[in-house]
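What follows is chain A paired twice: with chain B in the first complex and chain C in the second.
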Partner chain A sequence: MTVEAREARQPWILLSPALTAVALLLLVPLAFIVVYSFWLRTSTGADQVGFFLDNWQEALSDRFYRDILLNTLKIAAITTIVCALMGYPAAYVVARSKGNKALLLLLLMLPFWISYIIRTMSWINILGVSGAINSALLALGLIGEPIQMLYNETTVILGLVHFLLPFMVLNVFVSLEGIDRTLEDAACSLGATRWESFIRVTLPLSLPGLAAGGLLCFVLGAGTYITPLVLGGPTDAMFANLVFEAIITQLDWPLGSALSLMLLGVLGALVAVYNHFLGMAQLMKGLG
Partner chain B sequence: MSAVQLTDIVKQFGTFTAVHRMSLEIPDGGFVTLLGPSGCGKTTTLRMIAGLLDPSEGEIAIGGRRVNEVPIHKRNLGLVFQNYALFPHKSVADNIAFGLRYRNVPQAEAAKRVREALELVQLPDVGDRYPKQLSGGQQQRIALARAIVIEPDVLLLDEPLSALDANLRESMRVELKRIQHRIGVTTVFVTHDQSEALAMSDLIVVMSDGRIEQVGAPEEVYNTPATEFVARFLGASNILDGRVSGADGGELTIEAPAIGAIRVARARAPGLDGAGPAKLVIRAEKLRLAAPGALVDGEVAVDGMVETVDYQGQAARYFVRVGGEQLQAINMIDDHPFAEGEAVSVCLRPRDCAALPGGPQ
Partner chain C sequence: MDNSKRYERLRERYLNGGLDRRTFLGLIGAAGAAYGLQTPFARHALAAAGEVRFDGWGGVVSEAFRKHAFDPYTAKTGIKVIDGTFGGGDEYLSRVKASQPGEYNIAHLSGVFDYARYANLGLASTLNEANIPNLEYVIPKLVDVFRGVTDGKLSCVPYDYGTTGLAYNRKHVSDEEMKEKGAKILIDERLKGKIGGWGDWRTRIWMGALQTGQDPNGITDMDAVWNAIRTHRDLALKYWGSGAELMSLLAEEEIYVTEGWSGRIYALQEQGHDIGYMDPPNGYGWQECLFVLKGSPMEACEELLNFMLAPATSIAVAEGQNYPPALDPKKVDLGKKIPTLPAFDPSGTLAGLTFADPAYWNGNEQEWSKAFGRIQKGY
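== the complex of A and B ==
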């Protein structure tokens, strides 16, 4: 075999374990889901094999699903905006810090060492009826009885921000790190104040990172079912909760499959739009 | 256009002192080079003039006005960086026009000035392009155009040529000097490259370890170094330990073991009086190697032996053993170079020598 042929083969040899895993654990199950979505759950509870459009018709035409989908997108959008507003300044501080950058980055990664579910549940100990805040206020005599702070849309967003903020910070950080600092000096020497040079130079150059962070926050936020389950009230279900409900509670796999594909389609379209304008390379940079 | 005056400038970073009580006058319209090895404080000094760093002590004045408290964006300076620092998301024309926006220049006037600046740097047709589409040399021209279009009081150049390759660097050097001469702006140029400094400057400020070693015209700094550091940093020099053995009206006699007694003009030996230890400085290109015995009038000759030949095409650098010393000689090659091991006469003219105070270290 020639050297060129060996070199051409090498990437495939190295990639094959990962490709096998992706194929077996992602593509094949996804194919099952697609097939499932065209089956039908009969009143007896058994699945009828075939090609039925009933699930799709229900998923796409029922106002209930549409409203929850819109609400899910709304919550994801609010979460993304809050993450951007809170995450950008934090990323800026980390990127511009001189001595302790490694420590700050470590602190940023720290939440990932604790399970997302536990992090979400921790809010119950803080905001709950017998949580830290209520206990403190009761002990101080400022309130007569506990305030109901949990189980509403605000706490769902709070939990999502808590979960997703590091993704935003890391993405913005990576893009700020890639910007030459002398650009700001140059802008200032030409007459711009620090703020003007930030607005005209640094901010536009960091937009790809902000967009990548935003996409991650939005997609992960819109796909979550744990946060609304733990921190939301009965009316705060998000779209993934419907999938959970259909498959786990009602054992209606065909309908659950159709709903999950619907969410996948909406989020996939979003990623495609992002990719069209900004490319996936930026997203990959920030995931590292 | 304005003169720049530094008075007793000190800059400390924590416990490290980058600039030690430096005073310097940069004349209006002059091209002044801060020259020195990395870490000598030249860039720190430039950044203090620019307003990117605050001096720990001392006063900076531009055009007679104290500017210590004036932030960078109000100092009206043109700053050119080593890495160009062009805004990658803006077109060349928008890069150049960036500073005009803060000077209330009307649109039409701004467009005209951008066009003129592009013509000045001889790149009239690249306004619509983006920095990435230009070569390094072109980018540096645009950076220069961006800095001068605002008609700065002072132009500050921080190693602007060192990212360019050798040939381009030499042509940009001529170009830069031409532009500076034409607009007549007071210019402070920072470099570690002695040939850039010698070629471009009206005045060279040689710095080392945060201190000024010497300030002078290129020829003065080259021919009459004030310190051993300057002698070693600029050009290739032979520095021989010796002592002053005699003095009369205009000349000092310096006795150096390897060479013997040499009479050096007092003007070339500032800082020396009639006695004491001294160092004899002879530029490598002023040592002439010749076949033994071939002495020219007015020359002093000693016997030597060629140890190493560094052939450079038009010239050769020889390392010659003379007594206990190894001397360096750079000679144009006539016919063919001397061979290693060849016995030669090492000839020098006393008037090419300079002397410094100082004993053996």
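== the complex of A and C ==
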């Protein structure tokens, strides 16, 4: 074997464990889900093997699934916008801080040390009828009766923002860190105010980071099912809850598979659009 | 020679120059692959030898099982009980469906309809009753109903029973109002935003039947039931998904009224909460069993079932989980606490409880569970 041929093989040899893992843990299960989506559930709960389009027909034509999907995308979009509005200033402060950057970054990572479910459930102790806020307001005499704050769409969005905000901050932070500070100074020396230099120089240059953070927040938010389950009211379901119900409650794995592929298709299309315009490189930087 | 020793020798040969790098890495890789391939099967083999997996409802129920049954059983026999939990029979069935035979062994199933459903899916084992002599203490009616589903044989032993009745906060709802309104309290406008309910389709339809004055085992006007479920949904604050969540919502006063599991409400009362409990006419009664799944280590499972049915164990568990045991009060002295538990029947006939007809409910399961899923979300 020539040296060139050996060198050409080396990256594949190094990549082979990761590629094997992706193939076995992602592509093979995905193939199973695709196959399942064409089967049927019988009245006893057993699956009928075959090639049936019934599940796809139901998933694509039923208004119920379309409405829940649109509502899911709406909640994910609101969450992403709130994360951007809250995350950008925080990332800016961290990126521009001088002495305590490491400490601020550590604080940013702290929530990841606690289980996502525990973090979500902590809002019950904060917003509940006998939670911290109501107790404080009652003790101060500002209210006579506890305010009902939990179990609605707002608390679902609040829980999602709590979960996703660090992803936004980290992506924007990485983007801001990569901007040459002398560009802002140059803008100021040419007569721009600090605000104008931010609007015309810093913000446009950090947009790829903002977009990467937005994509992550949107995709993760649209695929969540724990948050609406814990913090949502009777009608605050998201699309992943439908998948859970089809598979777990109704034992209808074929329909659940079709629904999960439908969500995957929508979110995959979004990632493809992002990749077409901005590329995935920024996303990789933000992920570390 | 154990595997560690083998690897040490292999490494020594490699470091001494007795093996080239490619051969050494190849042997390590082959050993890893072999271990990976045999591990899932080895786990089942190990389970057969000295482990039994038990899955139940979690919370105070699991605590009672662990303390009064599993720990003493392990101490006596040396067989370890792996203690898992689930949120409901549907969820557990989905997990079993995705598993290998033998991975799950015993489940604390609720209702004869669940037993029939599992049996219809080919998951039922056949118990050797000679290995479970304590079965003689069980209420005969509870055993017979299971035999009827599986051609006279048993895949489970009955273990306890209870009701899903109405739980209410006495600070906000009086006993008199409950007696007057019954299940209709769950669709009372006055309590809007303070009503809860289990997000389980069977329970919601059962309550809907009671609210519309129908027999839950023979509903004639399903539209009226769906409308009652819609009304409840619009007035409710939250569908709860577990006994722990039910207890938390009531204890924290997030909700004032809901249907609830008799044992969990009794546990709240024991903790000092002023929560009332009543079974409306035709209230939802159920019997739970310990179901052995096909492919399980049968002798170890039968030994555990027999141990759990021993009066001393069964009574201790019942007192811990607050559900009356399946033991016949005519044959066994059940002590002082059990006769005070909700749903307890001193006659041992259980004539006062209404159980779900398995054929009726399983026959409608596919259609109703799906329809409820939509209505639950606002449709």
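Everything below uses one rule, namely that the second predicted complex is superposed on the first by the 285 of 288 C-alpha atoms of A that agree within 3 Å, B and C clash if a C-alpha of one lies under 4 Å from a C-alpha of the other, contacts with A are read in each partner's own complex, and residues count from 1 in each chain.
Note that a residue touches a chain if its C-beta (ideal position, glycine included) is under 8 Å from a C-beta of that chain, and two chains touch if they have at least 3 such contacts.
Just so we're clear, the structure is a prediction, and the values are computed from it rather than from any experiment.
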Clash or fit (per the criteria above) of chain B with chain C on chain A: fit
Superposition-derived angle with apex at the Cα centre of chain A and sides reaching chain B and chain C, degrees in steps of 10: 150
Touching partner for A:Leu229 - first (chain B), second (chain C), both, neither: second
Touched partner set for A:Val129, first chain B, second chain C, both or neither: second
Which superposed partner A:Thr2 touches (first chain B, second chain C, both, neither): neither
Which of chain B and chain C A:Cys188 touches, first, second, both or neither: first
More chain A residues in contact [chain B versus chain C]: C
Chain B versus chain C as contact partner of A:Ile248, first or second or both or neither: second
First (chain B), second (chain C), both or neither touched by A:Arg41: second
After fitting on chain A: smallest Cα gap, chain B-chain C, Å: 47
Chain A-touching residues of chain C, taken from the complex the two chains share: 88, 90-91, 93-94, 97, 117, 120-121, 193, 201, 233-234, 236-239, 241, 248, 252-254, 363, 365-366, 369-370, 373-374, 376-379
Complex contacts: residues of chain B adjacent to chain A: 50, 52, 71-79, 81, 83, 85-89, 98-99, 101-103, 146-147, 150, 156
Residues of chain A defined as touching chain C within the complex: 41, 43-46, 64, 68, 124, 128-130, 148, 150-151, 229, 233-235, 237, 242, 245, 247-253
Of all residues in chain A, those that touch chain B in their complex: 180, 182-183, 185-193, 196, 200-201, 204-205
